[in-house]
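So that you can tell them apart, the chains are marked A, B, C, D, E and F in the order they are listed, and the count of residues begins at 1 in each.
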Amino acid sequence: MAEFTHFDAAGQAHMVDVGDKNETRRVARAEGTIHMLAETYAMILGGNAKKGDVLGIARIAAIQGSKRTSELIPLCHPIPLTKVSVEFDTGTACEIRCLVTAETVGRTGVEMEALTAVSVALLTIYDMCKAVDRGMSMHGIRLLEKAGGKSGHWVAGAAAEEA
Amino acid sequence: MAEFTHFDAAGQAHMVDVGDKNETRRVARAEGTIHMLAETYAMILGGNAKKGDVLGIARIAAIQGSKRTSELIPLCHPIPLTKVSVEFDTGTACEIRCLVTAETVGRTGVEMEALTAVSVALLTIYDMCKAVDRGMSMHGIRLLEKAGGKSGHWVAGAAAEEA
Amino acid sequence: MAEFTHFDAAGQAHMVDVGDKNETRRVARAEGTIHMLAETYAMILGGNAKKGDVLGIARIAAIQGSKRTSELIPLCHPIPLTKVSVEFDTGTACEIRCLVTAETVGRTGVEMEALTAVSVALLTIYDMCKAVDRGMSMHGIRLLEKAGGKSGHWVAGAAAEEA
Amino acid sequence: MAEFTHFDAAGQAHMVDVGDKNETRRVARAEGTIHMLAETYAMILGGNAKKGDVLGIARIAAIQGSKRTSELIPLCHPIPLTKVSVEFDTGTACEIRCLVTAETVGRTGVEMEALTAVSVALLTIYDMCKAVDRGMSMHGIRLLEKAGGKSGHWVAGAAAEEA
Amino acid sequence: MAEFTHFDAAGQAHMVDVGDKNETRRVARAEGTIHMLAETYAMILGGNAKKGDVLGIARIAAIQGSKRTSELIPLCHPIPLTKVSVEFDTGTACEIRCLVTAETVGRTGVEMEALTAVSVALLTIYDMCKAVDRGMSMHGIRLLEKAGGKSGHWVAGAAAEEA
Amino acid sequence: MAEFTHFDAAGQAHMVDVGDKNETRRVARAEGTIHMLAETYAMILGGNAKKGDVLGIARIAAIQGSKRTSELIPLCHPIPLTKVSVEFDTGTACEIRCLVTAETVGRTGVEMEALTAVSVALLTIYDMCKAVDRGMSMHGIRLLEKAGGKSGHWVAGAAAEEA
């Protein structure tokens, strides 16, 4: 099994040296879901109209959040994101699933940027709806896929092949 | 059922007026869990020593993240936090549970600060361990309790009495 | 005529001492307008639907920008905003007027927060439409009114009474 | 006429994919003007001496503001600026014109960085002088020229050739 | 001797609870010095004119830096500064001494805000002069005095009475 | 002797044009020391256990601080750091020396990133120990070495060869 790369031989945290890595196109997809009451779900879906566009605002928050990843996650490298897109799947009653795709052309991957964007999207939905439903909860925040870089292609569920 | 407070009568987002609210002591507790492989769990618990202190770093990231909440969540008010504490429960195999307590003396609650801190803690654990376990996932990020302010005391599981 | 308060007797910049001022409710209203081609104007008004909600995104950017005012304007005090609202007036062809109301309960005014929000709203509209209309221009960014604090009520156009 | 590039086919906002664009040198020049009372204008010009260096501070604020552009404008890409310069033209009575040149070697343009720097410069002048002149107003904030990248050279006033 | 307050009984870091403390006026003064070559010293003193105002820019950086203290220092509380002033003492050849006074009306002190401002001022001087003098060094960054709050008045050199 | 590069011919500050420089690997090493009472020194060394890990937290703060350098230092270019490592030398009684190595592959050097990280590390140690020792002071914050870029290799103490 691999070692934690964020610590040196003495167990001290460091920002890993990526100076020797190539600048390649790197993509990451992540997802997460927020569960809520039926009434909350109905109110959100009725949005974009009089009731306010909860998902539109969560999408903007997610994109802006992805740009702050290296400020939030201590050992993340600052990365010039070349693309961020955010989708919401509302097909299942009482839950909203958020999917984010992040890309860069750089020396390290964008998994954390995708996961941070998902988390900020779900937190924003929580914030906007908490006055009517404080019991909402977030689940299944995880990486779906990554591509590019030395460690290659990784797809969730096919994790056994990796490492 | 209540309305979404983050939209005005025309459905436009706004930062809600809290100028008339009293400055009172407000507390929020939130939690969330990250699931991982047995090997990853063992490596984290072996930390604080040679392998690096994953949870110590996640704790710092959570505290720092809580201070950035109003930058990340579009309609959150800036709040002068008076206390943030972060605990990790490692009693269940293959998962780490994070509990955050946030407090302020202010005009609005600190639910989002507590939830943001939990999310940043879990994301930081993911980041530090992803080289060995990309399939980790986060679950059960939710508010446990809030106290203070006009809407009073709320405890998860007792949500029916509220609203 | 008054002196520039942001400099001391030796002409050196400082963050003015407001520790002796009372915490009172303070309000500021500001406005600004962006001019554009007829086609751009039509495309924005057709938004909120398939073409994308330009004004909804500019509103969020304005609210978030108001919270960053003290980071952007060197001698501004950090202020805990208690309310920010953003309206767009689209009643005149080929221009969009943005109106912001900002409030705090604090020791100094929120004029800069209101003006910063207006500027960020207009810049965001420019950004979202620049692919079709690089020649847009912004005008009339100004304070409309302020209330609260020692210097009292001020209304644009009634400036003679003031100072 | 072109489409708004910041929305996908479904009208949802995204950070546009620039991963396929070449890293080329990109330049943008922008301007804007702040109008003021004769006394205010005289006080600013008398600066740099005992009364404080209003324009020197506004210049620093503009440069720092340009570096925050992608935090303020939701769909802007983070860009490694390679140059920012700020000039003030005080040749016309009762107004100060700010000109900014921004450059990068990157995959997308720096128009927003130049416009943001102009806006922050003018807001800073307003802030420093507002104690003596709350009625100041900002006008003509616009792009003057851009060069580099696929869309080529654009000069204000020659906009007809473009698009 | 007192305990480290930033750790709980189990040795875990936390943001200390200050919710029970009173809002009182708190002041801190700090200083620090940068040493340099005679030529560099001469060039800086010749500033404010053609050669550029090194100290004016360092002053602005210090004020802006003080507002970011709680973002930089992990366990610092966010504090609404009510005053920051920055002076430079150039009376000794080949060194520039920076003195900062910071104030708040709040629940915790502003020592870190004053010390952070001093550090950012000295770093900015270094940055602006490093092309001619990379060997500059910073010394004697320390708290001079603090007042307000439960721990009372403290003056450097009188430290024995304290603790 | 060279000129200050951060000012143009008219003495106005600007962010220097680095667009023509090559992207090369650049390294900087910096150091600084904090002096303290014997009891404070003993308490810090006893850390990582029950008393809390002062140096572990200072290390994280330093790494995070290095990423904010261009926000703190007005004329610094934003730089995509490829590596940051932080060591503490506790071999001398009553003082802790911090050493930082920063690297990038870019168009300008990382001296300021290394020096900023050192400063934030020392400030964080001060913050965590100030309840027991307000008289701590910081000394010898300086660049040790830089490599890469047009100005070549520089080592402290060998400064005469340079410039």
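Note that in this section contacts are C-beta pairs under 8 Å (C-beta built on N, C-alpha and C of every residue); 3 or more make two chains touch, one makes a residue touch a chain.
Everything quoted here is computed from the prediction, not taken from an experiment.
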item	value
Common touching chains of subunit F and subunit E	B, D
Same-residue or different-residue interface between subunit D and subunit E, half as cut-off	same
Centroid-based (C-alpha) most distant chain relative to subunit B	D
Selected pair, greater C-beta contact count between A-B and C-E	A-B
Approximate Å spacing (C-alpha centroids) for the pair subunit C, subunit F	37
Distance between the centres, which are taken as Cα means, of subunit F and subunit A, whole angstrom	31
Centroid distance [mean C-alpha coordinates] between subunit D and subunit C, Å	16
Of all residues in subunit C, the ones touching two or more other chains	12-13, 53, 56-57, 60-61, 64, 68, 71, 74-75, 78, 80
Contact graph of the chains (line, ring, star, complete, other)	other
Full enumeration of touching chain pairs	A-B, A-C, A-D, A-F, B-C, B-E, B-F, C-D, C-E, D-E, D-F, E-F
Subunit D residues touching subunit C - in the complex, by the definition given at the top	1-7, 10-13, 32, 39, 43, 47, 49-54, 57, 60-61, 64-65, 68, 71-76, 111-112, 115-116, 119-120, 122-124, 126-132, 134-143, 146, 154, 156, 159, 162-163
Complex contact set, residues of subunit D against subunit E	48, 53, 56-57, 60-61, 64
Contact footprint of subunit E on subunit B as seen in their complex	25, 56, 59-60, 63-64, 66-68, 78, 80-87, 103-105
Subunit E - residues contacting subunit B, complex	8, 12-19, 70-71, 74-75, 77-80, 106-107
